[in-house]
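The structures come next, written out as structure tokens.
You will see chain A twice below: alongside chain B first, and alongside chain C after that.
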Partner chain A sequence: MDFLIFEHPILIVQALMDGVLLGILFALIAYGMALQWGVMNIINIAQGELVIMGGYVAYFLYMYGIHPAYGVIVSPIVMYFVGIGIYKLVINKVVDKDLFTSILATFGISILMMQLMNFVFGADVVVAQSNFGTTMLFDNSVTLPNSKIFASVVSVLAAIVLVLYMKKSKLGRAIRATAQNARAAKILGVDTEKVYASTFGINAALCGVAGALIAITFTLHPYVGLPYTVRSFMIVIVAGLGNLPGVALSGMGLGVFEEFADYLLGTEFRIAAVFLLLVLILMYRRFKLARSREYLK
Partner chain B sequence: MLSNIKKKDLFIYLGVLAFALIAPNVFPDYRIQFTFWLVLIILAITWNIQGGEMGYNTFGNIMFFGVGMYVCSGIQIGLFFDLAEWTVSGGEKTFVHTPDQYFQGLWVGLLAAAIIPAIIALIIGYGVLGLRGHYFAICTLGIGIASGEVAGGIELIGAGQGMTAPPWPKDIGGTEYRNEFFYYLTLALFVMTFVFIKWLYSTRFRLVLNAIRDNEDKAEAMGIETMRYKITGWVISAFFVGLAGGLVGNIVGYIEPVEVAFDGREMGVFMVLMCILGGKGTLWGPVIGASVFHIFKESFWSFFLGWQYVALGVLIIVIVVYLPEGIMGFLREKKPEWFGEVMDEEDRKAQVTLD
Partner chain C sequence: MKKLLNRLVAIFSIFSLLLGFSSAQARVDGDVITLGAAVSLTGKYSTNGEHTKNGYNLAVKRINDMGGVKVGGKSYKFAVKYYDDESNSKRAAQLAERLIKQDGVKYMLGPYSSGLTKAMAPVTEENKIPMVEANGASRSLFTKGYKYLFAVLSPANQYLEVAIDLAVEKNGGKPVKIAMAFEQDPFSQDVRLGILDAAKRTKSKIIIDDKLPKELNDMAATLAKVKAVKPDVLVVSGHSKGALTAIRQISEMKVDVKMLAMTHCDASKLAKQHGKKAEYALCASQWHKSLSYKDNYFGSGLKYDKDFTAAYGYAPPYQAAESSAALLVYKDAFERANSFDTKKVRDALAKTDMQTFYGNVKFGSGGQNTAKPMVLFQVRCTGDKCENKVVAPTKWASAKLVHPVPSWSKR
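What follows is the complex of A and B.
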């Protein structure tokens, strides 16, 4: 078996750049997951579906002749209200139950959303053309679509805005207080129910931004949500909750891993590689924890 | 063991068995539905060993189902023909099993379909079962989907196109006879699974599993080697789920990685859902849950026509949010005396509702 990537070392540069730009997007989704995990202590399996739905909002604009880049502004607004709606209907009933209940309930939401998107937009793979052109580097041997650069710039901006919002605003302070100790926050007059609802909404809005960016840089399909959930879960457990530089770094690491897996194993094993990496990371974590338990003994 | 069974229970068991033996002959048109009903019950009661008794909510049991399916059909074909040529040529048109070959292959294949998933459970069990709570749930979800994706990339077993299971030899009877044969084979598997699990629950094993569910660290501190019990439980599940997978592969006749074998969106969720619907952590709960679910699914699925997954999503949410204890839990709360819980008359009178 000969690998193209070793015959043409310039492809390594290509894979690295693609991976990093892709990873920034993953990190944005993972940040949303870390937020709701930290604040509400639920794991949202429907995270990937929220992303894809955000992407379809941008695609919807594109179908009506509006440039899909505006989706970056429209989609988070739409998704914020979708998120609030999902919270009011389902999540507020499982938020204080055990984790498996929330996993299964959000799994139900994920199946539901998947199928609804399939009805509305069809089961075809779609892409919203942005016509941003491409940048060529190193004597035209490395191609870099401008849309990907646009996507990573917007993701970084969105993350910065969110961090500032969490630091400075009143709601941000309430969210951080609830994450630290929900009961104490409640005693001190924080309306935790409202905090939970807005946390879920903000997470959905972040997914909306990421989805709109995915719509213009990659492809959309109703059934590809779950890999995004798993990717963000992976990034969060590697980085830890509330560690933003860690989330960014491990997001980029995951992006680079995927690009290399693409070249080395073939595209048909890409999703399998993501899921197997998840298992490997969990195993590593498990044996590391087991060792520290041995010390205690 | 027989002496332990009370007379009243014996009547129930005989009644169920008689129903299972007679019903498919009274309603021959529904024979396939009855077969799948039994398969669903098998999946639910084996999932209950992890999810209900042990508190390890797995989404990964579907992997054993798919592996059993591929192994069984692969061996049925591979014993007599070249597997690669079979999948390339689309199978049944070029190669024909004689009845003798068919049955030899089926028995060997089913045996392997039970043993190989059990071995896989044994190997991965030490790593996977060391995870707790939601890490375990997500890890097994990943395993279930990864196995489907991997199977979809292997050319030998037809990759994403899938492969055909060996067709029923026409010389010994038509489709009717085939359906009857597989129904009774599934019934035999169901009886085997149920009796084994009932025996298992009467031993110390169940107490250990419940101790793990209630507080694993405490159980370990009391000197129970929890890992050994957890792996044993998983191996038992894998054994029976693999067998069921091997049978379903032959009944469906066509094996496709994502929608038949490693169907996390249908069977993989169904087994969790049926167990919760019936009541986790009871012997009869999964049986009742699977029956109710199957009846609901078969009678209403056709009305939804294309909206099945929407209905499924809503059903999951409703069951998880409003009925987390299941039917058995609901009955237990309303009629505790049916479960042998004696409630003192004085206590009942002394109860005060605080409104």
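What follows is the complex of A and C.
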């Protein structure tokens, strides 16, 4: 146990802020995963690679002297079409198969994407400079990089746009109908094939936004996608499938929990602590389910 | 019965094929000595794998052009048989097996990275095949009692020890407060052990000892702690990702620390990618072109830099230089052994005591190079152009160490 955080209480504020900012960004990625998991019943192992590819789009702009923040506009457009392409090539063949098949297929896609990015951009770790500066609070004792604040604001905006789109637009309604009951939707004239393709495209576009934000807040490398996949998977599990508002909350919650675990238990346990929490939540869920099952009996 | 006979015949023919194969491609064919190497040409180490291969090739060409290797009064040429290990340690071990058993290679060169060297070393050791490696610095490679492994580079625990000594020196010989953040991989943890030794030796106190998970790309928590406790030195090691993340977040969070020492500044192109934000960072390096070592093949570091740039179109990172040095060591050992017997070559390697453009080479009992110190750069900028200047050891210093690092409010 480390009590540094109590000796310097200002660290609590820093940890909270860092956790929330980190969590919002992860929640955006998880949002795409939840959407596509809910609609298509596919767990996308290549989610992290879509994010990193989105990041490379922003980095590509940066290499040509364009500010990488424009990546949040360009990257989703590019990634939407990449997503549609992946759907047409592979996903449409596994969409109605069992979960294991789709996991294998997306795992294959993730390997392919990693090698492709390695081939095009090389194996070096790269960063795109935003030069956004820093926000200092409490007499400079809490420092928040503006790039992270920018990332959170953009993530929240992207999520709001998506929710509105899902509620108001025709395609959004079709997506929701397909998620509820694909067969019924099909009978009622919804082109589910098109719905699936768009859903996968929208997921890839969200990953594109997140990737562009990661390019200016963290680092890019063809092989660092997996942590993003795992993290978004966890956020979705904790929130519960089909619970989109829960995704934002669980993303931020896990972010804050991780930061505090770092301060209290040590950096080496921060990821372990998050996984432990996941196990506890799953056990609690099971316990609750078992109880309601008993009532039914 | 007939089935059994058929099977026996099949097994026998496979064996004879294998035998035929290995005798056809022996270790020395005519006047060519074939060395085996598995390097990462694809996968996450592909950049450094390429540097390694280019380093090997440049030295092979240079040695062959200058008369080759003289054994028993006859001149032989070097050739390297390469395989791509895909940056995968299992594949590296398989390829070592293949090079030795199928291709009949009797002398090996190392792969890139400690992890892959660790995977290959048991295979070469078991088959009693000498391996001169240039890119595996992990201390654990040299504590296993391997007899056939030789490394031309300094072991990982020496990487940043110099920085602690320097900090103590600048503190008027008094102990310092150290904060460390190391990734949880074999290499970085070895660097950490070196710092622990240096701290003990100088009676310095370690006030933060963070072990960063491999998948971590956010160091904000560690840096917030550093801001709160104000250490004299901050030491960071986590490959290229760690170096780039550290500089990005230190500059964004305005973390003021008197000395910042790290590894992989070269590999991550820190000065180029982060520019002025990286200024004053101290970086450990195996080699720098301005060091005054000399040999008959490449002349000096500066000449090596020129020749390498002419051949491959980019300036050689230390990974390339040390790979070239491995070939020079092999050549020297072959000539002293005056034989192709692997045992004799191994004994000659163990007795190596020479200078190359890359540094002095003399192997300790574990196979590590004990004759070459690490150097420390400091990133210095003039205008927007930043480069690495050697600041320690003082013998080779081309610039004076800036200490303490100016605070962010003044930069």
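Everything below uses one rule, namely that the second predicted complex is superposed on the first by the 252 of 297 C-alpha atoms of A that agree within 3 Å, B and C clash if a C-alpha of one lies under 4 Å from a C-alpha of the other, contacts with A are read in each partner's own complex, and residues count from 1 in each chain.
Here is the rule we use: contacts are C-beta pairs under 8 Å (C-beta built on N, C-alpha and C of every residue); 3 or more make two chains touch, one makes a residue touch a chain.
These numbers were taken from a predicted model, which means no experiment stands behind them.
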I'd like to know which partner A:Leu99 touches here: chain B for first, chain C for second, both or neither. first
Should A:Met53 be classified as contacting the first partner (chain B), the second (chain C), both, or neither? neither
Considering only touches as defined above, state whether A:Arg286 meets chain B (first), chain C (second), both or neither. first
Contact-wise, after the overlay, does A:Ile86 reach chain B, chain C, both or neither (first, second, both, neither)? neither
So, does A:Val238 touch the first partner chain B, the second partner chain C, both, or neither? neither
Can A:Ser147 be said to touch chain B (first), chain C (second), both, or neither? second
Applying the touch criterion given at the start, work out whether A:Gly266 contacts chain B, chain C, both or neither, answering first, second, both or neither. both
I'd like to know which partner A:Val127 touches here: chain B for first, chain C for second, both or neither. second
First (chain B), second (chain C), both or neither: which does A:Gln115 touch? both
Hey, what residues of chain A end up touching chain B and chain C alike? 115, 226, 230, 266, 268, 271
Can you check the complex and tell me which residues of chain B touch chain A? 57, 127-128, 130-131, 133-135, 137-139, 141-143, 145-146, 149-150, 152-153, 159-160, 265, 269, 272, 276, 306-307, 309-310, 312-317, 320-321, 324
Residues of chain C defined as touching chain A within the complex: 42-48, 181, 184, 210-213, 215-218, 220-222, 224-225, 227-229, 239-241, 244-245, 248-249, 252-254, 268-269, 273-275
Under the stated contact criterion, what part of chain A meets chain C in this complex? 4, 7-8, 10-11, 14-15, 18, 22, 115, 118, 122-127, 129, 134, 136, 140-141, 143, 145, 147, 218-219, 221-224, 226-227, 230, 259, 262-263, 266-268, 270-271
Could you pull out which chain A residues touch chain B in their complex? 43, 90, 93-94, 97, 99-101, 103-105, 107-116, 119, 226, 230, 233, 237, 266, 268-269, 271-272, 275-276, 278-279, 282-283, 285-287, 290
